[in-house]
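Shown next, in structure tokens, is the structure this report addresses.
Each chain carries a letter (A, B and C) given by its place in the written order, and its residues are counted from 1.
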Amino acid sequence: MNWFKDTIEISTNGKGLYSFTDAVQERIRRWGVQEGMCFLSIQHTSASLTINENYDPSAQADLEEFLEREAPEMQSWYEHTLEGPDDSSSHIRVMLTQTSLSIPVDEGRLSLGTWQGIYLFEHRARPHRRQVLVRCLGVA
Amino acid sequence: MNWFKDTIEISTNGKGLYSFTDAVQERIRRWGVQEGMCFLSIQHTSASLTINENYDPSAQADLEEFLEREAPEMQSWYEHTLEGPDDSSSHIRVMLTQTSLSIPVDEGRLSLGTWQGIYLFEHRARPHRRQVLVRCLGVA
Amino acid sequence: MNWFKDTIEISTNGKGLYSFTDAVQERIRRWGVQEGMCFLSIQHTSASLTINENYDPSAQADLEEFLEREAPEMQSWYEHTLEGPDDSSSHIRVMLTQTSLSIPVDEGRLSLGTWQGIYLFEHRARPHRRQVLVRCLGVA
């Protein structure tokens, strides 16, 4: 098996889900990996990863609204407020979602289900440039 | 190290936790893997994975009830309602749990703790057939 | 690629986040791994893993307080009460966080972001000794 690595940079424009399935798939294709395992890791504490429904934007809207209600900005009991009203809520949202994912590769493609997409979940209100590390162990 | 792969199919009969620890362990044994890493990935957006308490059914009942209260069906603010009352709540429950897991293999067995079991968490009310991809990198 | 393994033992003294980033980094250094993938797995159902903010203790306090509010001890609807008031809430907190993590290694170091730390999240009130399995596939 061989080892492949790259970094995907994602520009965000406020809170929400940003699909980057195609960017990962493009690396698998470029590397020529036929079979193996792909690992994704995010390097931030106010943005995270999730694999979820890729078809209907209203499903994504509900995921976003859920976290907005579940871990709102500026709760009275937050102690960590120096870095802005959306900082502590961001760390909570990171805790409730994922920082690392692993996805099998078969026949040269990510083995995702029909309705699965890979998303970066931005939890900060202002634009950011986010880094996701892509690693792949596979047969080229 | 060698590469092993299979798919485990799990028939569900409504919401809840379905243990499939034995099905994964059976693959490890059949492949003869002595040492390495086992990766599990679910291919759905309305069922997910979790490693949790395997002994007392009341512990599992509380996990199920927690999600039922935390992300109930048919909240007034859900936008995504076309695919049924349990669809948006399912995606939220997937986000809060796991879609991929990794478990070490040592001495021919999954290195789980005494009380740990591997579960598929079905979030849909009606019966489904679910696919979990099993991959193992290990020394046979 | 070579295979490295060890177990990190962490003594906890009540609920909260316990950083063990340095203990993982120490293994990577000792093994001389230059590039590869590091896998962490916890063997418990009342303690879990998370990668989150490593700098300001108030951020960690908010993560702890969030789970204390989200999944409190002794809710009236808990069925699983025989093992103490903090047992069912612990399993719920494990479900909402992580039991396994994967982190790339580059140039002999864990590729974490500047503000990321690796934490064991203890969900039990009394002291425990916890085991985290460390596995690394990499080029030494």
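Rule of thumb we're sticking to: a contact is a pair of C-beta atoms (placed from the backbone, for glycine too) under 8 Å apart; a residue touches a chain by one contact, two chains touch by 3 or more.
Keep in mind that this is a model prediction, so the values were computed, not measured.
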Using just the Cα atoms, superpose chain B onto chain C and tell me the rotation angle to the nearest 5°.
-> 120
Same or different residue numbers at the chain A/chain B copy interface, by half rule | different
Centroid spacing, where centroids are CA-atom means, of chain A and chain B in whole angstrom = 20
Mind pulling the residue numbers of chain C that touch at least two other chains?
-> 1, 96, 98, 102, 137
Chain B touches which residues of chain C in the complex?
-> 1, 3, 5, 39, 41-45, 71, 77-83, 87-88, 91-92, 94-96, 98-100, 102, 131, 133, 135, 137
So, in the complex, the side of chain A touching chain B is made of residues 1, 35-37, 50-54, 56, 58-59, 61-63, 65-66, 69, 96-98, 101-104, 106, 111-113, 115-116, 137, 139
